[in-house]
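Below is one structure, written out as structure tokens; the observations come after it.
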Amino acid sequence: MSSVNGVSGGQMGGGGGGQAAASLWERVRAATPSRVGLGRRGDSLPTSALLDLREAHAVARDAIHLPLDVERLRAEAMACPELAGLGEPLLVRSRAIDRSAYLRRPDLGRRLDLACRIGEVFPGSASSGSASSGTESRGSGSSAADSSGSESSGSEFSDGDAGAGASLPGLAIVIADGLSTAAVAAHGVPMAQALVAELSADFRLAPLTIAGQARVAIGDEIGAALGVDEVIVLIGERPGLSVSDSLGGYLTHSPQVGRRDSERNCVSNIRPGGLSYRVAAATLARLARGAMELGRSGVTLKDTGGQIETMSRAELPPA
Amino acid sequence: MRYSGLAGGHRYSFDSLAVLMGAATPARSGDELAGCAAASAAERAAAQRALAEVPLGRFLDEDVIDRDTDDVTRLILAGHDPKAFEPVSTMSVGQFRDWLLSVSARPDGAAVLAALKWGLTPEMVAAVSKLMTVGDMIAVSSAIDVVTSFRSTVGLPGTLATRLQPNDPTDDPAGVAAVCIDGLLMGSGDAVVGVNPASDNPRTVHQLLDLLDEIRTGAQIPTQTCVLTHVTTTIDLIEAGAPVDLVFQSIAGTQAANEGFGVTIEMLREAEQAAHELHRGTVGDNVMYFETGQGSALSADAHHGVGGVPVDQQTLEARAYGLAREFSPLILNTVVGFIGPEYLYDGRQIIRAGIEDNFCGRLLGVPMGVDVCYTNHAEADADDMSTLLTLLVAARTGYVICVPGTDDIMLGYQSLSFHDVLTARRVAGLRPAPEFDAWLSQVGLLDESGRVRESVTPASLSALAARSLAA
Amino acid sequence: MRYSGLAGGHRYSFDSLAVLMGAATPARSGDELAGCAAASAAERAAAQRALAEVPLGRFLDEDVIDRDTDDVTRLILAGHDPKAFEPVSTMSVGQFRDWLLSVSARPDGAAVLAALKWGLTPEMVAAVSKLMTVGDMIAVSSAIDVVTSFRSTVGLPGTLATRLQPNDPTDDPAGVAAVCIDGLLMGSGDAVVGVNPASDNPRTVHQLLDLLDEIRTGAQIPTQTCVLTHVTTTIDLIEAGAPVDLVFQSIAGTQAANEGFGVTIEMLREAEQAAHELHRGTVGDNVMYFETGQGSALSADAHHGVGGVPVDQQTLEARAYGLAREFSPLILNTVVGFIGPEYLYDGRQIIRAGIEDNFCGRLLGVPMGVDVCYTNHAEADADDMSTLLTLLVAARTGYVICVPGTDDIMLGYQSLSFHDVLTARRVAGLRPAPEFDAWLSQVGLLDESGRVRESVTPASLSALAARSLAA
Amino acid sequence: MSSVNGVSGGQMGGGGGGQAAASLWERVRAATPSRVGLGRRGDSLPTSALLDLREAHAVARDAIHLPLDVERLRAEAMACPELAGLGEPLLVRSRAIDRSAYLRRPDLGRRLDLACRIGEVFPGSASSGSASSGTESRGSGSSAADSSGSESSGSEFSDGDAGAGASLPGLAIVIADGLSTAAVAAHGVPMAQALVAELSADFRLAPLTIAGQARVAIGDEIGAALGVDEVIVLIGERPGLSVSDSLGGYLTHSPQVGRRDSERNCVSNIRPGGLSYRVAAATLARLARGAMELGRSGVTLKDTGGQIETMSRAELPPA
């Protein structure tokens, strides 16, 4: 029943011995970016593998504390015609004053800083004045017309597609730093761009919002303030040892402060080697349309579209 | 009711049992975030004195989470067995601690503690843990037997089982299979081979279930498999004929938090029923798998108790075990360092919480495992994990989670490596679950001393590799 | 020599072995104080990479502490046995780690490691520990046997011994006797009954020696006693005919630090000689007792290495073991959390340091014990101590220090309680030193299962109480 | 050989059972302030004992961070004729700017803050200007006359005993907070007073120095600056669980920056229930005289005077 392959020869490499085993381990390693086939020294990890882990941990620790370059992100968005077409991006930040507060106080990361309530930044939008008290329930689609009075410079939100747009449901895209500014810097704008391509036929899109020291739920307050029917938050997922630039996309229907996570849908692991922008955008768009039909997002909304595409492992960053 | 206690010459008072429980909890960031932590070390000491005086019976009268608005509380109270409670019914929390420690040192400790299971509520158990040191909790936990089974048996004395967690960022079947081969060759997977899917698309989940079932049956491995998707998806897939061994669900200690997870008690009952009817277990029929973790209620803003006050995360966690045991799970693990530093700030807090969770769960009769883990945004490292694992071995936890090289590339955190468990088993002289152990030995993976060999590939696993991995 | 390593895409370089060792050390406050810690996590990772490449042989050529000015270095180099070094002589530090872990998992591990003892220098051992996790160190430490004896045998597999530490703030004989009775009734004192005198007045020390000897002989306890006074005082008292079993001395890893303690290698030789000549041992003749602790050299400003650079405290600690083993001590313990937060800031640092010290000492063949302890000015608590004790049990430390209720009222710090060791022994199935175990059983203190009974007072201890305590 | 006393009856108290054992445990407990006879629950501490320990730890943690009330201490010293007779106390502080720096950086606690070098505060004394560079070796007794030029107000250092004093060796007493301001507040002044009584016949005493955020070795710099032959530092020892007000006394002959601990002598545990002021002062005085004879302090100087007196346990504070 078993084929004993003899004692492992080399100091380095996989746990198997002999020819057959060598090729087995080659195939195992090729099949996944996980740290498989590390080999053993006694029952422990080889020194080389341990030192790799320690280095990765050191680097990840440093990464968590890197600040988001908001200005660069804004400029990048403006350089992209699809996003520029939505109007000048809104720049907001949460109530967490620094990284240390952000890490210890997620509640603060979920709420807009009083100084940058969107109602004030962008007074014509939605329930404007009462932006921060968006807990009252609003019927979907009811806010479509509210934003016409916008006085904010460069706002194409209400006039871009004026005629056709007015009858479409509103949707806002938010790019939030989350726990990986690296993810947002690398994938925020191209992913938003892919989303706009997928969504613009069916939704009236609000200008892009860029949120600092933010959690997923900050989209609720932003969405309510903008008076949109749905919000999609693109956020930096917490960095792992091998992957530190993964983006998450969270859809919330009828956003308002107090929404639960079960009322959202999530598409995770957006990055080269994970989910592609195209597939992620298509999935989020399907979910967004599905939520409009169903009248809600969350656990009762299932994406039964195509399954997640598997990328070629060659696209993976080195583990 | 109002409670009070002295410390450092001052008297501190606490407005309710919920408030008292919070103030008596050893320091952790989540309770500071929630606003229920003691304001000073002295206040904490006073709260512990006050808590030590509270009669256990009081927990049946005064709710921490209101029974009128919370179905977990109602379930717990309905499940309480006054006869089992008898032996300790007149004790205070402090006396209960003394009694637990005395009983645990007796040769008949395991039997006495097992009989107590349905006499205790999660709140009683959480309360007594707050009066215990790590050493106390290990002493009691290690005297308790909790044994469950499906195709393998988890929790027997002298064993330490593992969940092999072959997560893949794109749910790629070859990626999942590769990690399974890696883990199986290191003796991992006896509690469950369980994937967190990156997608919650039912088709993807179904494919993963098929893949895991194929691996298991192909290599004739006496274990169970699981795809950790939402319970509603699993129910649908059972109906669709997918090979479901265990039903997974994340649960928490309040109705509101479970609503946040999109789950109700009814759903869990339905799922348990559906899985039972498949009759897929061989040596036993425990079909549920739960995950919990201190902080999950707070993270869903669903941690408020009687009077609207915030409730400490450790008490809420124990309540999740109270919910879980209604469904006779095969396994439950706390994901102790997973959620992040806002709940457990550093290695010290993660370690204490892991030991508390294991203690509370075992005392309530839950087949506890622990995801010994940390995230990169916490003040913790691999040494803290070695440490917690060693403590848990002493405290006889049922199983731990393992991934390749400590690195879960999909969930973005570090758990134990397959290697860590090999080391822990050898140092402590523990074996895998017996059915799995027999399999390992049968396929030639064990040497004379019971150690997993370094350079053997059983034919069935080579065949699996040939089938499922690209050339 | 210059060393360099990569991390996070940057190359970091290190001017000498001494600098490299400091930068490669896991974070701790003492090295930050000394100025030898890595400036960032990435620099530390790079230093560990560089250190992993250093050939072991390099440590014989490049001094960390200059041999020309330091007698500890000279002693270490003189003691180095090239033949014993053979098996590892061509390895780098990283390969040495791999080899240690492989050997430890083999059935003949203990023999191979014992043969290596005099082939290793403290610097080699410190270096390899820096590349290890807590779990790695436990794996290796637990594979090593170090057994010594005087009237009892310390370090046998399956045993955990204790120092009973009956300190009294006024050296009051009744106070010391009372604590001895308390500890003996809880099965403590098998490694040594050892008092730190509050006074260094030789008359007081002599009286305490007489008292301890009387207790031991009165109750016929197979153990050894010690008064932890300066070695010069002990030498004088041996001449004066005092009943000295063991000679105690605090030592450190540099000549300058030992000078700070007022001690020279010559003095230690003289003391060992004098104690040997008393022939008081029965089952063995290891007559020395040492204490050490990370930070003691720095606290004496005696931590400078080649080129005047500060040397990390863990390397210096390992050097103290290199000095100690020349005198075949019965026992040596690190006082790991004793000195204070300026050296080990919190529970996490204390725990890692305790495991490192135990590992380095055992690998060098030193009969290691640990004073599992903390001070009130450190960020640590009783849970950290339960934790460290549990790890040390897994790592097979020889003995730990115990005081009544964790509280040493004279030295102003918390060590383990007698209770802690009762718990640890029961949970891990360990026994006291065999001679002492036999005594406990003979006087009726053990029940059938080997547990120390709760309500028995042997006649000899009642008699002792009658003799030495006020009515 | 053994007398089995049956099973322990009560829930509380000692580990023994029956009458004889009860009285045994009473005697054991009466003999020591240590936490003996706590009893057992299984193999663990009873809850009551554990809660006592936790409370004590909480209180001790708070105590470490209590600041020293320097002004009160000064006033108290001035109210005591023996100490007032030495002149206005010198108030100095170390280079550790706060408690956190003090705890992590003992090196800073050993050196005088640049702003309060004694040479400047008290310019006539000793090697004044070069106070901070007191590392050069000075012969003992060589500085006896240096202090006559003192201009500091209220300094009786040089004129109190002018005639007789000038030929006597100089000695400075320093009260330093160390790790227990409680110890210094309670015992600093009475202990200094007891010392003056024991020392004044044989030494010419400098004014009292009160040092904040200070370690033992700060006495070296102070002593050198004052040009004395010996310095005695009375310092708060680190607080334990049961005892948090214990004072230590350290004698250093020929003080100068860089002295090692092996060049000092120590008398520890000065407090009610530990060493009495009287006995401690007598011991330190014997050591101080012995060091003058021997020409050095430290390990080679042994106190062979009377042994430490055992206090009646009735004087002990409750554990």
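Order of writing sets the labels: A, B, C and D. Residues in every chain begin at 1.
To be clear about the criterion, contacts are C-beta pairs under 8 Å (C-beta built on N, C-alpha and C of every residue); 3 or more make two chains touch, one makes a residue touch a chain.
The model shown is predicted, which means the values in this text are computed figures rather than measured ones.
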Quick check: more C-beta contact pairs in A-B or A-C? A-B
Report, in whole Å, the distance between the mean C-alpha point of chain C and the mean C-alpha point of chain D. 29
Find the geometric centre of each of chain A and chain C from their Cα atoms only, then give the gap between the two centres in Å, rounded to an integer. 52
Could you put a whole-Å number on the gap between the CA centroids of chain A and chain D? 61
Using the touch rule from the top of the page, what residues of chain C touch 2 or more other chains? 105, 133, 135-136, 139, 382, 423, 426, 451
What positions in chain A touch 2 or more of the other chains? 42-44, 54, 57, 61
If every chain is a node and each touching pair gets an edge, what shape is that graph: line, ring, star, complete or other? other
According to the definition of touch, which chains form touching pairs? A-B, A-C, B-C, B-D, C-D
Interfacial residue positions of chain B with respect to chain C in the complex: 26, 105, 107, 133-136, 138-139, 142, 346-348, 351-352, 382-387, 389-391, 393-394, 420, 423-424, 426-428, 449, 451
Listed in rising order, chain B residues that touch chain A in their complex are 29, 32-33, 166-172, 174-179, 181-182, 185-186, 198-204, 207, 230, 232-233, 259-262, 299-301, 340-342, 345, 375-377, 381-382, 403-414, 417, 419, 422-423, 426, 442-445, 451-460, 462, 465, 469-471
Touch list for chain A against partner chain C, complex: 11, 41-44, 46-48, 50-51, 54-55, 57-59, 61-62
For a test of understanding, state which residues of chain C touch chain A in their complex under the given definition. 7-8, 40-42, 44-46, 48-49, 52, 94-95, 97-106, 131, 133, 135-136, 139
Interface residues, chain D side, partner chain C - complex: 1-8, 15-18, 20-21, 24, 27-38, 40, 42-45, 49, 53-54, 56-57, 60-61, 63-64, 103-107, 179, 237-243, 246, 258, 260-262, 266-269, 273-275, 298-300, 302-305, 307-311, 319
